[in-house]
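What follows are several structures.
Below, chain A partners chain B and then partners chain C, in two separate complexes.
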Partner chain A sequence: MKLLIVDDQSYNRDLLRFIMEDEGHECIDAEDGVQALSQLEHHQDIDVVLMDVNMPNMDGIEATRRITAKDKAQRVAIIFITALDDDSVLSRCLNAGGDDFIPKPINESILIAKVNANYRSINNQKKLAEANKKLDEFNSQVKNDHDIVESVFENIKSLAPTRIENIKTYTSPMSMFNGDIILSCASPSGGAYFLLGDFTGHGLPAAIGSLPVMSIFYNSAKRQCSISEIAQEINNQLHKVLPTGLFLCATIGYINKNGDQVSLWSGGMNDAVLFNKSDLSIKLIEGEHMPLGIHEKGEFNNSIQVYTVNKNNILYFYSDGINEAQNDKLDLFGDERVYDIIRNQYQNSSYCPTKKIVSEVEVFSGTSEQRDDISILEVSCLPCIHRNITNNDVLSPEKVTYKVDCFPWSLDIAICKDDLKSIDVINQVSEFLGTIPQVERHKDKLFTIISELYNNALEHGVLGLSSDIKDSPQGFEKYYELRDQKLDEITDEFINIKLEYIKSKHNFIKIQVIDSGAGFLTKDTSHSSEESSLTHGRGISLIKELSSSLEYINDGRHAIACYQFDV
Partner chain B sequence: MQVTHKDKTELTITLNETFDYKCVRQFRESYEQADKQLCKIINISFTNTKYMDSSALGMLLNLDKTANVIGAKVILINTDEKIQKILRIARFEKKFTIQ
Partner chain C sequence: MSISSQLSSSNTELIITVDGRFDASLLDEFRLSYESVPDTVKKYIVDLKRTEHLDSSALGMLLVLRDFAGGDKSNVEIANANSEVKKIFTISSFEKLFNVQ
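So, the complex of A and B:
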């Protein structure tokens, strides 16, 4: 312990110093208040000050006032040494910031006991101040971190090209740190994807988990992936990166452009509500699956539920912060209250159940400490309307997403001999087309067209198979067995595929398939026999419907089809 | 391709991403698991299916013939817009229930 002894009488100073040094403490002196202040300035490690009251230049009370006012961070215990005969002096000493006093004449054992007690107390104060300082620093660091994470999330969310008028969301502020996640994004086809999720756990781990979810969601939406694929991909990623015990309860959905079909994958969430405005009925949609991030790749079940809906339908999805909200008596808000609000609110002119649910939950929870974050997603089953996020103009998502310009190109593929046998040509070609901007969203139709053209060229042209074999179910399989057999026997045959991207007023992909076979007659039976139960002969009409033109020349050896699409 | 049974009256076949001639045998073997006396419904789920061609249409018609023999109804479920378009072009809505 280090002491500062302040007294104008050298006798008093020496007496105090002897006693304290005997106790093993280090002592320094000051003759008045002014000196005391300067000593404290030089010796930041002083713990206890023994202060006389009456001194020249500056008395003990003024010095104490200045010490305590000056620097709260430098904590010293100030003990006055004074006669106890004047109450007003004593109270002035304590009011000025003194901690204690020792009566004159000095009793040695009381002096030692009081100094020790004050030292202990000042030490505790110092530790507390130190801890508080660290806590303050930590809190401001956490706030900083949250602000950064929040702005990163906002940036990712701004990746969505549009706002979808049919979809309304509510989520409490900073809820991402409680693991809630709510997303929506336009599909280039004009429909809309949405996701409501709730991570187990709180704080940063839950927030970190939402990052891969968001990026997968937006990228998949842009590529028009199916709900199954998105669920599968999110599950696989989360399973890889999250520790066991942290997973995501979520509903992922898609509403088509016309607003008459909704697909859902749901795992671990509350029942979704399918409300019908015309008869105020409510149908509950149960989640079928385990939450995302639990199953390994192979075990994951990506099957979806598809609902046909109409303009009277509104879908509601909500996080368990709502139904599990508690009041002071520990009652739960429950699902029934939610359903009632949805039903009752509809008869109100200002129909906004989302707001109403939020305010009802707030009133219900009152001052209860149990408040959790809440998120609600509302999807009106109407044709999707997409709006520019900044100026609110109605937009076509196709134009927004695919504004990348593409140069004209052509691609020649020559497949011969062994490649005809072993290579899955159609899948490779359509995968390749899927990587080209603008063409990507036509991948599925191009797959069908190229598959038909190629298989005709291979089966009827190169292999000389006749579709008549397919007339019976046994023949159908026989046909494909023969196909494999004949493929094994071929020697110098070939099929050439030529793909061209032609830019003009309309954009085309011109597809030519040329084979080395003996030629074949193309049959088109579907028009003459719409109700036909023949299991073959549908390929040509399929191509004709999907493409803008189809022509066979050179006795069927050379097919030319054009696929037109707008940019 | 995944096959699930709901007692003996209902069979669900979930197709792969691509439904084309490569699935011929596997598809037939899947629906042949249907109980010849008791099976009433055969669901074909397109949940995972993105691509199909005309041989797939042929396979569905073969399934329909088998289903008629045993007295079961074929329902095509979880079809997205793209798959529906191909089924519509082939006028399959007249022969199958599409959901």
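So, the complex of A and C:
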């Protein structure tokens, strides 16, 4: 410990120094207040000052006032040494910032005890100040980090170049760090995908969890995946990467281009509200499932709910930050208030329930510490209108999402032997087509065409089955029994599929399917598509309807279909 | 299971739900779902809300069901078809044979 002894009497200074040095402490002297200030300036490591009151030049009280004014962090303890005969002097000493006093005449053991006690206290003070400083630094670091992560998320969101007029969202600032996530994205088919989610847990873990969710969501939307597939994929990823106990309550939805059908997958969320403007009725849609990230791949239930809706319908989804908002009396905001706002707001001219719900929740929770972040998603069931995010122009989503120009390509696939027995061949081809820019949004139709051509080649060509067998329901069964039998007997048969992307005034996918069979096209099969209630012949009519041309050559061993599309 | 079926409480309706791809691979499963229902069943509902795709053999299977349910007097409803699937129904004029919802 280092002490500064301030006294104008050299006798007093010597006495104090003698006692303190005997205790093993280092001592410095000052004869008055002025000297005391300059000594403290030079020796930053002084812990305790023993201060006389009456001194020439500057007295102890004034010196103390100046020391404490400078020493905001209270690194120095000041102990007055004074006679206890004047209460007003004592109180002035303490008011000036003194920590303690020792009565004259000095009692050696009281002096030592008080100096030690004050030293301890000043030491704690210093540790606390240091800890506080570190905490401040840490907090500002965390804020910095959050700002960075938040801006990364904003950037990812802005990757979606369109905004959907039917979908309105509200989310409180920095809510990502409370685990809330709201996404929407145009489907190339003209519909729109949306997602409202709420991670368990707070802070960075929740924010990190939303990264895979976002990338799966946007990628799946581009590939026109079904809601089931998106839910399944997000679940599988989260289950893999998140620790147990961290999971995502979410509703994932899709509204089709015409705005008359909505599909939903919902797990662990509040009931969604299906509001009808015409009669102000509210239908609740319960979540059916466990949250995302809990179940293993095989256990996950990806079944969805499908609703037929009309222009009077509006859907509301909200996070539990709203219904679980508390006021000072610990009452909950609850769901009924939300429903009432939706009904009442529609009767008002200023129809914007989303804003109203947010402001009502704010008023309700007031200054309550319990305030959570809130997120709301509103979907109006109208034909989807997509707007450019920068200039607000109305756009067809396929124009925006698929600016990538694709070069011409061709693809040859040879399927033989055991591969012909696999039911999955066409699925794989179709999945592959779904990854090619510009072709992906035609995946479904191409799948149908290729699958029908392939089945014809396999069943009539390679296996030599006649459609006539299917004329009766019994025959239909018989036909597929024969099909399985003959598949087992396959030796060195093959089917080749050739796909070409031809760029010209119109863009084509040219599909050729060639099989090793004996040829199946005879005169009487050509008109089978005209008959409407037979159990066969539909494949060809489907292909004809979906493609711009269909031609069978080489007695049916070789099919050529063209699928035309605009870019 | 890709196909599940459920009788209504009054045993007059059978709901058959098809998961994923509806094609020839589901032939047996689909037939088994309605073959042994009681005589009281008057209406068949094929729920396609979880069906991603269907091909012409599935159309054939639906026709077999229609035949089983009484042909022209049958009451078979196709529910919750997505727009792609609906399109296939339209192209094949299936809307005339089934009650497509």
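Odds and ends about this structure:
Here is the rule we use: the second predicted complex is superposed on the first by the 426 of 567 C-alpha atoms of A that agree within 3 Å, B and C clash if a C-alpha of one lies under 4 Å from a C-alpha of the other, contacts with A are read in each partner's own complex, and residues count from 1 in each chain.
Here is the rule we go by: contacts are C-beta pairs under 8 Å (C-beta built on N, C-alpha and C of every residue); 3 or more make two chains touch, one makes a residue touch a chain.
Since the model is a prediction, treat every value here as computed from it, not as a measurement.
After superposition onto chain A, partners chain B and chain C are found to clash with each other. By the document's definition of touching, both partners, chain B and chain C, reach A:Tyr480. By the document's definition of touching, neither partner reaches A:Val142: not chain B, not chain C.
Applying the stated contact rule after C-alpha superposition, one finds that A:Leu284 touches neither chain B nor chain C. Contact with neither chain B nor chain C is seen for A:Leu128 once the two complexes are overlaid on the shared chain. In the superposition on chain A, chain A positions 226, 228, 256, 261, 263, 302-306, 308, 427, 444-445, 447-448, 451-452, 455, 470, 473, 476-477, 480, 483, 533, 535-536, 538-539, 541-542, 545-546 are in contact with chain B in one complex as well as with chain C in the other. Looking at the complex, you find that chain C touches chain A at residues 19, 21, 23-25, 27, 31, 49-50, 52-53, 55-57, 59-61, 63-64, 67-68, 80, 82-84, 88, 91-93, 96-97, 101. The touching residues of chain B, counted against chain A in their complex, run 14, 18, 20-21, 24-25, 28, 45, 47-48, 50-55, 57-59, 61-62, 64-66, 77-82, 86, 89-91, 94-95, 99. Contacts from chain A toward chain C in the complex involve residues 226, 228, 256, 261, 263, 302-306, 308, 423, 427, 444-445, 447-448, 451-452, 455, 470, 473, 476-477, 480, 483, 532-533, 535-536, 538-539, 541-542, 545-546.
Across the complex, chain A meets chain B through its residues 189, 226, 228, 256, 261, 263, 302-306, 308, 426-427, 430, 444-445, 447-448, 451-452, 455, 470, 473, 476-477, 480, 483, 526, 530-531, 533-536, 538-539, 541-542, 545-546.
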